[in-house]
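Below, each structure is written out as structure tokens.
The same chain A turns up in both complexes below, where it pairs with chain B and then with chain C.
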Partner chain A sequence: MDYTKQIQEIATRLFAEDKIDVFVGYRLTGFDDNQVPALIRESKDVPLLVFNQKSVFNLSNYLKNDHTRNKRVGLVVKGCDSRSLNLLLTESQVKREKLYVVGIACEGVVDDAGQKMQNCLECMVPAAVVYDELLGEANMERRFIINADIQDMAAKELVQRREYFEEVFENCIRCNACRHSCPLCYCAKCCIDQETATLYNGANTTSSAFHALMTWSLHLAGRCVDCRNCEKACPSHLPLHLFHKWNERVIYENFQEHLAGVHEGDRGAFYKYSMQDPDDFIM
Partner chain B sequence: MARVGVFVCFCGANIADYVDVPQVVEEAKRIREVKFAIDYKYMCSDPGQQQIRDAIAQHRLTSIVVAACSPRMHEKTFRKALSDAGMNPYLLEVANIREHSSWVHQKDKKAATEKASDLVRMAVAKSIANEQLHEISVPVTKRALVIGGGIAGIQAALDIADARIPVVLVEKSPSIGGKMAQLDETFPTLDCAQCILTPKMVDVASHPYIELIPYSEVLELQGFVGNYKVKIKKKASYVNFKTCTGCGACWQKCPVKVDNEYNMGIDKRKAIYTPFPQAVPNKPVIDAEHCTMLTKGKCGICAKVCEKGSIDYQMQDEIIEREIGAVVVATGYDMWDPKPYEEYGVGRFKDIITSLEFERMVSANGPTNGLPLRPSDGKVPKNVVFIKCVGSRDEAKGISYCSKICCMYTTKHTILLHHKVHDSHAYVFYMDIRAAGKGYEEFVEKAQVDTGTTYLRGRVSKIYKKGDKLMVRGEDAQIGQVVEVEADLVVLATAVSAPKDNPDLARLLGISYDKYGYLSEAHPKLRPVETAKAGIFLAGCTQAPKDIPETVSQASACAAKVCGLFAGDTMKKDPMISTVNTEYCSGCQNCVKVCPYGAIVTDEVPFGHGSKELRTVAKINEGVCQGCGSCVAICRSTAINLAGFTDPQIINEIVSI
Partner chain C sequence: METVTNQLVSIEKPEIVAPPDWQPVIIGILCNWCSYAGSDLTGTSRLQYPPNIRIIRVPCSSRVDTWFLIKSLQTTADGVLVSGCHPGDCHYISGNYFARRRFLVTKKLLNFVGFHENRIQFSWVSAAEGPKFAKVVSKVTEDIKKLGPLHLYKKENFEK
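Let's turn to the complex of A and B:
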């Protein structure tokens, strides 16, 4: 999977036709073959753009930033990224007419060790669902998989589960990188940072981490698109996907196979109400 | 420093028998901020309230906790006690130690006492973060909507309009009048229904304060008490009511014949029709389902014969909006379909009819010129069997409730039969004779003597055919024997049931209904005409089966409620409503989507300090917000606060236990 050439051509064209102010894509770090997000403002920088299986980050996170807000933006999105973009559109955070979206029919990205990422192996929606132009073939059939981590978790007693998480939370340094890297955490003032939110206060205690991360994961329940920006950003390597995948499974199984961000206008299972909604999974 | 007063109520024995009240007081005294705690037999009594008033002054209290019954019972009472003592009434917190503790933990006094203490501790913690709140005034739209134009809707509309309050009356069918317009003479005085109803119908049409919108339905209700907005669908009538004179040329010439609903399908009406000669408004409508011009484009006779050119086949449904302040729902009832009574041969034997069919036959303006006739051969029946409680009080086949009116109208029917067919004989199969009401028992007694009707106590088990007669087999419980009666005609007193569309209507209005589909009153004894939603009232059979006197009383009661609501120019509103902190709002609009009252809109604010860039945020209309808290729960960044239930208050409660 290498769309470097096509993306460079698209970006050049968009600048030439004066359709965009900034193009958000990927470039090499300069040290190794890892990539970082690139905000390209002039056509002369377009050759910096790359796209291949190392293009891991979810770039829709860069739509909430000062350099893109209210600007005309060109954006590259893979399947998962396009779903968070869809949610941003639905939740009135970005305007579709300001965007030129280059969708990718993604074949999966790899981690530092060159292994295909776990979320890509389990991915249900590899091809972008919102785009102006799609690169690759969009005909990939997928099946919902409950991964081994989650099966292990489900096998644990409630007490054991709590013990496990308490251990995990000990490592959290409350840096909030997870939140900042999540495209769907765009709140003007996050609940965790509010003066009245005494439950989350207290530098980096296990209890404050517990409450903060639990709240965070519930705010992403039915919205998280499993892009793993958060997990990649966490300096303490917390297995953050466990919360999100757990919620994703519960929601998929209980709310008519709901998957976040697949349809525009769908705010997610927790934001609509029907008489048929089950409630027996609530602890 | 907060100074909290705690007042624990015995509620006679209600609380004291299951909760150690003095112990709760002792526990309360241990809380740092509690400067005064006391118990009393009845906190809500005047001496009880006096204790609160006195303590506020003596102990310079800054908030009050009353541990007693549900705040639904006496929150208002205690708030008033605070006001009277010069304290802001919203500094009160009620700990419900009755419904939430003593009543539900009657077997374990120790646990109930501990729970009561916890509830007090939470209320104290919450009250410390309580803020002074002030009632809000909102303007009132002094116009009422009445849904349904039966006798209930007619009476409510007239009473409200007579108080010079404009009324919008929405009736589903082409004419007002409802079921009463189908009745002959009415119990218990036997005055003719038309004679007493028609003048009222005419009054409705000519009343300067009533806007009658027939042939229409309510589509949507938005807003809140005093400020509702209603969307009404006027169904296409295909007749221009402004120019039509009601001359009748059209329906005389219309070639299409349809079962006449008004006469229970005993005769036919045309595809263009007025339901009955005294209809109000007396203008015809075209039944789009049956008119061949509308279904197949063939005919057009009515347009040809109409001298006024009033027929318009292109007419479309129209949606109109009205602003109103209160609603009276008077959608009446349906007749229960006796199909499940297979053993009676319902549907198989032509000479079994329902009570309303009988009512139409004996009516002077009915399809048989006022004579009961056998549907099978058109002969006048001699032996008529009336069967009561068909569907009523029959959980297995019908409904478990008593339909309340059938005993009385069946008695009436025996009289009417006797008047019309002098040599007839009536038999009544009954379970009880329920004749509670002014003059009702006398009416029944006199009828029995005058008509010589044979009353047989028991249920009918089977009806079968013998020649052209019907054999009615049932038990006569008084003699303990099975009896068989040979009948020319059988009349079933079928149950009264709730209108089929009531659940949909209830959802649309945001009110509740019971398992049968009757709309629910706020309190069965003390608030029988109010619903749980402020400004929506119930009249007539839509709430439960009832006869005309009761229906009319309830309708007038609704009118009194509406007039009371509209007595001032503004209405006081609870200040416990939500507000958006725009600094924290990201404009995701989840709250807009979730608000059941449509109270939230969007607004634009500068992006940052001094910025020219704008961003979208949510804004709550304080007049519309009902303080339900849905938006508070949905907002991830807690940008919304509900006065009286702020985050600090709730967190205080959680942390206190």
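Let's turn to the complex of A and C:
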């Protein structure tokens, strides 16, 4: 999966036709083969762009900063990135006519060790769902949802789960990097930062980390697309995907196989309801 | 398709030993139009129910933000009960349908990270169901008494 040449051609063409102000893609870090997001503003910088299986970040996160807001943007999206882009479009955060989207039919990206990422092994929507131009084969095979680590965790006893997650919340340093790296956390004033919410801010305790992470993952329930930007950004290497994957799994099983951002105009699972929703847990 | 999320194991034994005179604190969040009126009816009918419940009145069960539950568990409560109108009876037409989805996900997530499922309970109680409200509160109180005091992620445990 190497689309470097095609993406450079597209970016050059878009700059020549004066269709975009800025192109958001990937470039090499300069000292190893890892990649960082790149904001290209002139056609002379286009040769910096690359795309291969090391292009891990979700670039739809870069649509909400000052460099791209209210500008005409060219954007590279993989399957999961296009789902979060779809949600941003549905939630009126981005204007579709200002975007030129280069969709990728993604075969999965790799982590630092060169192993295929877990979320790519379990990917339900590998090809981009929103695009102006698609690179690769559109009709890719949809893999069956496995969620191996969720299954392992669910098989454990309550006490074991409690001990495991107590350690997770203990190790959280409340830097909020997960929130900043999340493409779907775009609120100008986050509820976790409210000055009156004394439970959230102030001391960095296990209790406040529990509160912040639970609230955050519940705000993303039914919207999270499992791009794992949060986990890549976390300095404590917390298994943040467990919460999101768990919520995704609960919602997929109970609410008519809802998957966030796959269909245009489809909002999160909490913005709609069905008469068939499970009722057996309510007295 | 095989289900994973419905197979969580929950233990029955108390988490820590309770002092002999310990009484659980239960936060009851009731909807204004059905459950609050139902609890009122319980009182006017002179039905007995445990005094452990502290009632908070909200306009609708969909007013209950998920962090109401998290905050309750984190501060004083040993358990939470949220009660609203029966499906189809919501004063705001569809509020409890939205709430039902949120409740399921919240309950499953808190159970996943280590809270016993009986600590977060939900019920539908209409304005005419005084005896049902007394029964629900008795059952919740009994469940929480079996589990013992909640110490997980309590705010005061971490503040000096």
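Heads up, the rule we're going with is that the second predicted complex is superposed on the first by the 271 of 283 C-alpha atoms of A that agree within 3 Å, B and C clash if a C-alpha of one lies under 4 Å from a C-alpha of the other, contacts with A are read in each partner's own complex, and residues count from 1 in each chain.
Basically, a contact is a pair of C-beta atoms (placed from the backbone, for glycine too) under 8 Å apart; a residue touches a chain by one contact, two chains touch by 3 or more.
As the structure is a computational prediction, the values presented were derived from the model and not from experiment.
Colleague: Put the two structures on top of each other at chain A: do chain B and chain C fit, or clash?
Modeller: clash
Colleague: Just to be sure I read the superposition right, which of the two partners does A:Y186 touch: chain B = first, chain C = second, or both, or neither?
Modeller: So A:Y186 only meets chain B here.
Colleague: Classify the contacts of A:N70 with the two partner chains as first (chain B alone), second (chain C alone), both, or neither.
Modeller: Touch status of A:N70: first partner only.
Colleague: State whether A:P278 touches chain B only (first), chain C only (second), both chains, or neither.
Modeller: It touches chain C, and chain B stays clear.
Colleague: Figure out whether A:E166 sits in contact with chain B (first) or chain C (second), or with both, or with neither.
Modeller: second
Colleague: Looking at the overlay, does A:E91 come into contact with chain B only (first), chain C only (second), both, or neither?
Modeller: Touch partner of A:E91: chain B, not chain C.
Colleague: Considering only the touch criterion stated at the top, classify A:K44 as touching first (chain B), second (chain C), both, or neither.
Modeller: neither
Colleague: Looking at chain A, does chain B or chain C touch a larger number of its residues?
Modeller: C
Colleague: By the touch definition at the top of the document, which applies to A:H237: first (chain B), second (chain C), both, or neither?
Modeller: neither
Colleague: Tell me which region of chain B runs into chain C after superposition, given the options 1-9, 37-45, 73-81 or 109-117.
Modeller: For chain B, the listed stretch overlapping chain C after superposition is 109-117.
Colleague: Taking the stated contact definition, name every residue in chain A that is touched by chain B in one complex and by chain C in the other, in rising order.
Modeller: 191, 199
Colleague: Where on chain C does chain A make contact in their complex?
Modeller: Checking each residue of chain C against chain A gives 1, 3-11, 66-67, 70-71, 74-75, 87, 94, 97-98, 100-114, 116, 121-124, 136, 139, 152-155, 157-159.
Colleague: Considering the complex alone, what residue numbers of chain A touch chain C?
Modeller: Residues 147, 150-151, 153-159, 161-163, 165-166, 169, 191, 199, 203, 205-208, 210-211, 214-215, 217-218, 221-222, 243, 246-247, 249-251, 253-255, 269-270, 273-275, 277-279, 281-283.
Colleague: Touching residues of chain B toward chain A in the complex: what are they?
Modeller: 583-590, 593-594, 613, 616, 634, 636-639, 647-648, 651, 655
Colleague: Over in the complex, which chain A residues touch chain B? Could you list them?
Modeller: It is residues 69-70, 91-93, 186-191, 194, 196-199, 219, 267, 271-272 of chain A that touch chain B.
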